[in-house]
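Input: structures, listed below.
Next, two complexes with subunit A in common: one pairs it with subunit B, the other with subunit C.
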Partner chain A sequence: MARRKLGIVLFSLPAIALVSIFVYVFVGQSINLSFTDWRFARPIHWIGFDNYIRLFTLDRGFQTSLINTVKLTVFFIGLTIPLGLGLAILLDLGVKGRGFFRTIYLIPLSFSFVVSSVMWMWSFLPESGTINTILRTIGLSCLAQPWITSTSQSLWSVGIVYIWQFSGFATLVYYTGIASVNPELSEAAVIDGATTWQKYRHVIIPQQKPATVTILILTLMYSLKCFDLVWLMTGGGPGYSSEVLATYMYKVTFNQNKFGYGASIGIVLVVLSMGVVGLFLHYMRRGEHG
Partner chain B sequence: MVERFLAFGKPRFLIYGLLIFMSFLYLLPLYGLINTSFKTSKGIASGPITPVDHLYFGAYKKAFSSLKRPLINTSIIVVGATVLSTTLGAMTGYVFSKFKFKGSEVIFFLIVLGFYLPYQSILIPLVRFMGTVHLFNTYFGLILTHTAYGMPITTLLFRNYYASIPNELLDSASVDGCTFFSAFTKIMLPLSLPGFAVVGIFQFANIWNDYLFGLTLTQGVQAQPVTVAVANLKGTMTAVWNVQMAGAMIASLPIILVYIFLLKLVVKGLLMGSIKG
Partner chain C sequence: MHQRTRRIGIFVVAFLLCVGLSNLVALASSEYTDQLVIYHWWTAGGEKIAVDSIFDVFKAAYPNIEVVENPITGGGGGTMRAQIKTMIMAGNPPDTFQVCGGKGMLGSYIDVLDPVDDFWDEYFPVPEAIKESVTINGHQYGIPINVMRANMLFYNKHIIDELNISVPFETLDDFYAACDRIKAAGYIPLAHGVGSGAKYWWTLMFDSILLAVPHGGPEYLESLYAGTANPANDPAIREALEAMKTIAENYINSDYAARTDDMANNLVVNGEAAFWQSGTWGKGFFTSKGSVPLVDFDAMAFPGNTEYYMCHSDCFVLPKGAKHPNAARAWLEIFKTPGAEIGFCTAHGSTVIRTDIPVGGFDDMAQKFIEEYRDPNLRKVASPWGGPPEVYLSLMSDALSVFGERLNVERTIQDYARAYAEVFE
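Let's look at the complex of A and B:
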C-alpha cells in the first residue's frame, strides 16, 4: 500500500510539476505583469487595471485584432464544418477509393504553418501566383483577386489557408462518426421508404453532434491561438487588416518591448479560451444528464 | 436540389467529379511547392503552372546549406521532447486511469486544461524563466518547454488508452503479488506499444512543426529549429522562391514520410486526441 502511494507520487509528480510551473505559475505571473507598466529596461510600477482600460477604450489596434479574431473564427469554422460534413457524406455514398480521397484531404494537416505559409504566399501572388494564373488561363481573369495584398481580403485569405489545412481533419472526424452510426437505424429508415437524402438528414446527421462538438472545440482553439500563419503571411497587415490577438500581442511585447501591456493581451486570450472550454464543459454536462 | 441529386438514381460521376475536384484544390498549393522547388530562376519566370522541364537541384543545395544546422537542432529537440513527453505521459496516464485518490479527478482535469492554453499568455514569463535558469537558446530549454506543454495531451491520450485495458487484469496481477511498478512494467507497458507509437507520432509531428517557441526561445542558428530557419529564408533571400520552396520541402520531408508510412497510426492519434478529448 505504501509502495502504491509512493508509485502514484513518483509517476505523477513530473507531469504535475511541469504543468504547475509552465501553465499555472506562468499564467499567474502574466496576470501580475498585466497590472504593471513594465517595459524593457525601465522601472516597474503597479498601475492596476490601466492596461485593460486602455485596451478596450483607446487601443484601436487591439480592438481591430479582437474583431478580426472573431471574424476569422466565424469564417474558418463556418466553412470547415459544412465542408467536412459534406465531404464525409460524399465519401460515405459507397464510392471506391474512399481511403485514397480521405488521405488526400488529410495531407494539408501534415504541413507546419511555416510550410503552408510559403506554399500559399506563392499561390496568392497577385501577378504570378498559381490561383490568379489559373483563373486567367481558363478565361476567368475577372475573378483574379489581390488576396493577401489587399486590406479587404487579407484576413479572408488567411482564413482560406486555415480551412484548407483543417477541413480534412473535420472530414476524418465526421467520416468516423458516420461510420459508427448503427447500420440498423439507417437500414430501417430505407425500408420505411426514406430517400438517401432523408436518411442523412433525419438519421445520420442528427447523430453527429459529438463529432461536431469535437471539431468545434479544436477549431475554436486553433483560431484563438492562430499566430504562425498570420504572422508569416501578412504580419497582420496591410495596416491592421489581418491583425489578430496573438500577432498583436507578439508585436506589442517583442517589437515594442511593452511587457506589461503585452501580458494583458495574453490574459484576454486566456479568458476567451477558458470561455470556450466552459461552454464545452457545459455542453458535456448537459449531455450526461440527458 | 440536393434531395433530387442524392435520391435520383446514383449520379456516380457527379460524386466522383466533386471528390476529384476537391482533391485538385487541396493539392494545388502542394503542386506549386514541389514544382517550383525544382525550377531555376529562369524556369520560375515561365509561370507557376508550367511543369518543370528539367529537374534542377541547385535550390535544394542552397536551401540545405542554410538548413543543415537547424535540421540537426530540430532533430535533437524533437527526439528529446518526444521521448520525454511520451514516457511521462504514459506514467501519468497509468496513474490517472487505474488509481483513484482524493483529488485525482481535479488534478487530472487541471493537467488536461493546459491543452487549451493560448501560448501568448505565458510567453513573457516563459522567456524570462528560460533566461533566469540559463536555458535560453539551448536544446534543453526547448525540450523542457515542449515536454511541459505536451503533458496535457500525452496524459489525456494515455489515460484514454489505458482505460481500455480491463482493471481485472491489474487486480489479478496484484493478487499474484505484482506491485504498482511491476504491474506497470510487466502488464501495462507490453500492452501499450501501439499507444506509444500513436502518441509518439502525434508529439513528433507537433514538435517538429512548432514555430512560436522556436522563434521566441532561440537567437541565431545555435539552437534554432528548422521551421524558424525556413521562415527566415524569406528574409535573407528576397523573392528567391525556388530556394524557399526547396527549404520548405526539406523541412516537411520527415513529416511527409511519417504520413505516408504510418498513416494508420497518425489517423488513430488524431481521432484519439479529438473524440475522447
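Let's look at the complex of A and C:
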C-alpha cells in the first residue's frame, strides 16, 4: 500500500512541479509586477497600489473594457445556455436526421477563431456583407445594420460570433445530460399525465444542473479571457467600443510598454475569473448538500 | 509481462540514444561556426521574396553563419515588437531585428540598443535627413535598407481619366472638388479600411492632413512627434479634424470599419472607388492583383502634401547583449550594400535608400518614387511609424477611430489631447 502511495506521489510530482512553476510562480510574479511602474527598458520602482488606484479612478479605457467584458459575458452566456438547451430538447424530441443536426451544431466549434472572425467579418460588411445582402434581398432593408463598424453594435456583433461558435457545444453537453436522465422518471411523469412541456420543465431540466455548471464555467472562462475574436474582428474598436480586458491588457503592455500596469489589469482579470468561478462552485456545492 | 516491459524500455532507451547520437554527429559535422538569430515582419508574397534575396546575398558572403529566421507578421510589426520586448526583458535578445527608422520609434528602444556609428562612418550615401532620422544624442542606432513615402494617394487611372480630373491636388479644397465630381459620377471617392484593428490608417490620414492645413505643416508635425505641441489649443488640430470630418462624412466608403486595408484597396482595383491612401508600399497591393502601374493605377502625393516627403525606413538594429554580435554586424554590413538593396527593393516595391544606385533597372513607377526621394526640393518629414514614440500610433489611433464614428470635433480634441499627454508622460 505504502509502495502504491509512493508511486502515486512520484508520478504526480512532475505535473505538480510544472503547474507550480508555470502557473502559480508566474501568477505570483505578475502580482509582484503589478505593484511596480515597470516600463520596457526602464528601471523598476515599487509603487504600491498606484496602478490599481489608477485603473479604477482615472483609466477610462480600463473602465470601458471592464464594462464591455461584463456586457459580453452576460450576453454570451445569457443566450448560449438557453439556445443550447432549446436545441438539445429539439434533438431529444426525435427530429429526423438527429445525427446530421448534431454534427451541424458542432461544426462551428471546430473552426479556429481566425477562420470564424474572417468569415463573420465578411458577413458583417454593411454594404456587401452576407447578412445585410440577405436582409435587403428579402425586403427587410430596414433591419440592415452597420454591425462591427458601429460603436453601439460592434461588441454585440462579436458576441453573436461567440454564441454561434459555442452554442453547438452547449447543445451537445445538454443533449448528453438529457440522455442520461433516468427514463423511468420521464415515464412516470407521462403516466401521471404530464404534457411534454411539463415533462421537460419539471423532470428533465431540473436535472441538468451538472451540465449547466460545465457549460457555464467553460463559457465564463472564454468570455472573461476573450481575446482572439475581438482582436481579429474589431481590434477593440471603433474607439474603445468593443475593447475587453484581455485586448486592453495586451495594448497597454505591448503597445504602450507599461508592463507593470498591464500586469495589474491581468491580476484584475484573474481575480474576476477566480471570483466568479469560485462563487458558482460554492453555490453548486451548497445545492448538492442542501 | 515484466520481460515485455523491460524489452520495450530497452528499445525506447536505445532509440533515444540513437537520436541523441545522430544529433551530435550532425552538430559536429555542421559547416556553421556562427549563427544569426533575426526577427522581421516581412511575410507577405513580395516581402518574403525580398527578404529572401538579402538572405541569399548574406549566405553567399558568409557561408559559415547559420541564419535562424523568425518572421512574425501582424499589426504593422506590432506583434513582432511584442515578442522582441519579452525576449529582451528575459535577457535573451535576438541578434538583430527590424524596426521602423525614425527618432521616436528608435528612441523607444534606445536603452537596449548598441549604437552603429561605425557603419555610418564608412561610405553610405543617403540624404542627411535619413541619417538624422536614426540619430539620437549624436549616435546612430539603425541601418536602413529602403525608404517608404507614407503620404501617398493611389488612384484608379481609368476613373480619373474618364472624369478628366487633373492631379495632383495642391490643396484639400481641390481634392474635395474632385471628390464631388467622382461621387456624382457614381463612384466612391476615397476607399478606406481600418478593419481588423488597423486603426492606424486614421492616424496616417490625420497626420497627412496636418501637413496640408493652414496652421499645420512639417514643423508642426515635428513638434507633435517631439512632444512639444499642445493639441488641446493648437489650431492645426482643429483644422485637421474639420478636414477629416469633411472627408469621412462625404467621401469614404461607409463600411470602412469592417474593411481591412487590403479590402479597401480592392474597391479601387475593381473600379468602385477612385482613391486609396497608402504609402509607396501600396503599389504591391495593386500589382499582386494584376493591376498594371501607370496603366490601371498611379500614385501622387496626398492632397496638400506635394512639397512634403513623409517617410520612414526599414532598419535593422544591434540589441545589447545579443549572443552573436559578429553575425549581426555581418548582417548590417550586407544590409547597406547596393546589391542587397537593389534585390530587396525590386521585390518589395520600396525605394532604394542609397542615392548612388542607378534608377535604370527599376520599373517606371519605382523610378518615379526614387526621383521623388532624391528630389532635394521635397521637404523630408518623419511618418507616424518612425517619427513619434512607439506608443503614439496606438494611442492616437484609438482617439481618432472614435472620431471616425462620431465625427465630434470638440470631443475628439479632448480625447486627442489626453492621448497625447499619455504618449509623452
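Keep this in mind: the second predicted complex is superposed on the first by the 275 of 290 C-alpha atoms of A that agree within 3 Å, B and C clash if a C-alpha of one lies under 4 Å from a C-alpha of the other, contacts with A are read in each partner's own complex, and residues count from 1 in each chain.
The working rule: contacts are C-beta pairs under 8 Å (C-beta built on N, C-alpha and C of every residue); 3 or more make two chains touch, one makes a residue touch a chain.
Everything numeric in this text was worked out from a predicted model, so none of it was measured.
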Next item on the list: State whether A:126 touches subunit B only (first), subunit C only (second), both chains, or neither.
Entry: second
Note to self: For the three-chain arrangement built by superposition, which of subunit B and subunit C touches the greater number of subunit A residues?
What the structure shows: B
Next item on the list: In the overlay, answer first, second, both or neither for which of subunit B and subunit C A:234 touches.
Entry: second
Next item on the list: Based on the superposed arrangement, let me know which partner A:259 touches: subunit B (first), subunit C (second), both, or neither?
Entry: both
Note to self: On the A-aligned overlay, A:95 touches which partner chain: subunit B = first, subunit C = second, or both, or neither?
What the structure shows: first
Note to self: Quick check on the superposed pair: does A:16 touch subunit B, subunit C, both, or neither? Answer first, second, both or neither.
What the structure shows: first
Next item on the list: Determine, under the contact definition given at the top, whether A:110 touches first (subunit B), second (subunit C), both, or neither.
Entry: first
Notebook entry, point to check: Which partner does A:251 reach: the first (subunit B), the second (subunit C), both, or neither?
Noted result: second
Next item on the list: Classify the contacts of A:56 with the two partner chains as first (subunit B alone), second (subunit C alone), both, or neither.
Entry: neither
Check: If you lay the two complexes on top of each other, which residues of subunit A touch subunit B in one and subunit C in the other?
Finding: 125, 128-129, 232, 250, 253-254, 259
Margin query: Give the list of subunit A residues in touch with subunit B in this complex.
Written below: 3-4, 6-8, 11-12, 14-16, 18-19, 21-27, 29-30, 33, 87, 90-91, 93, 95, 101, 103-120, 122-123, 125, 128-131, 133-134, 137, 164, 168-169, 172-173, 176, 195-198, 200, 210-211, 214-215, 217-218, 221, 224-225, 227-228, 232, 245-246, 249-250, 253-254, 259, 262-263, 265-267, 269-270, 272-274, 276-277
Check: Touching subunit A in the complex: which residues of subunit B?
Finding: 2-3, 6-7, 10, 12, 15-16, 18-19, 22-23, 25-33, 36, 47-49, 88-89, 91-92, 94-96, 99, 101, 107, 110-111, 113-114, 116-126, 128-129, 144-145, 147-149, 151-152, 155, 179-181, 184, 205, 208-212, 216, 227-228, 230-231, 234, 241, 244-245, 247-248, 251-252, 255-256, 258-259, 263, 266-267, 270-271, 274-275, 277
Note to self: List the residues on subunit A that touch subunit C in their complex, please.
What the structure shows: 40-42, 61, 121, 124-129, 146-151, 154, 231-241, 250-251, 253-257, 259
Check: So in the complex, which bits of subunit C are touching subunit A?
Finding: 78, 81-82, 85, 88-89, 108-112, 194-199, 253-259, 390-391, 393-395, 398-399, 401-402, 404-406, 422
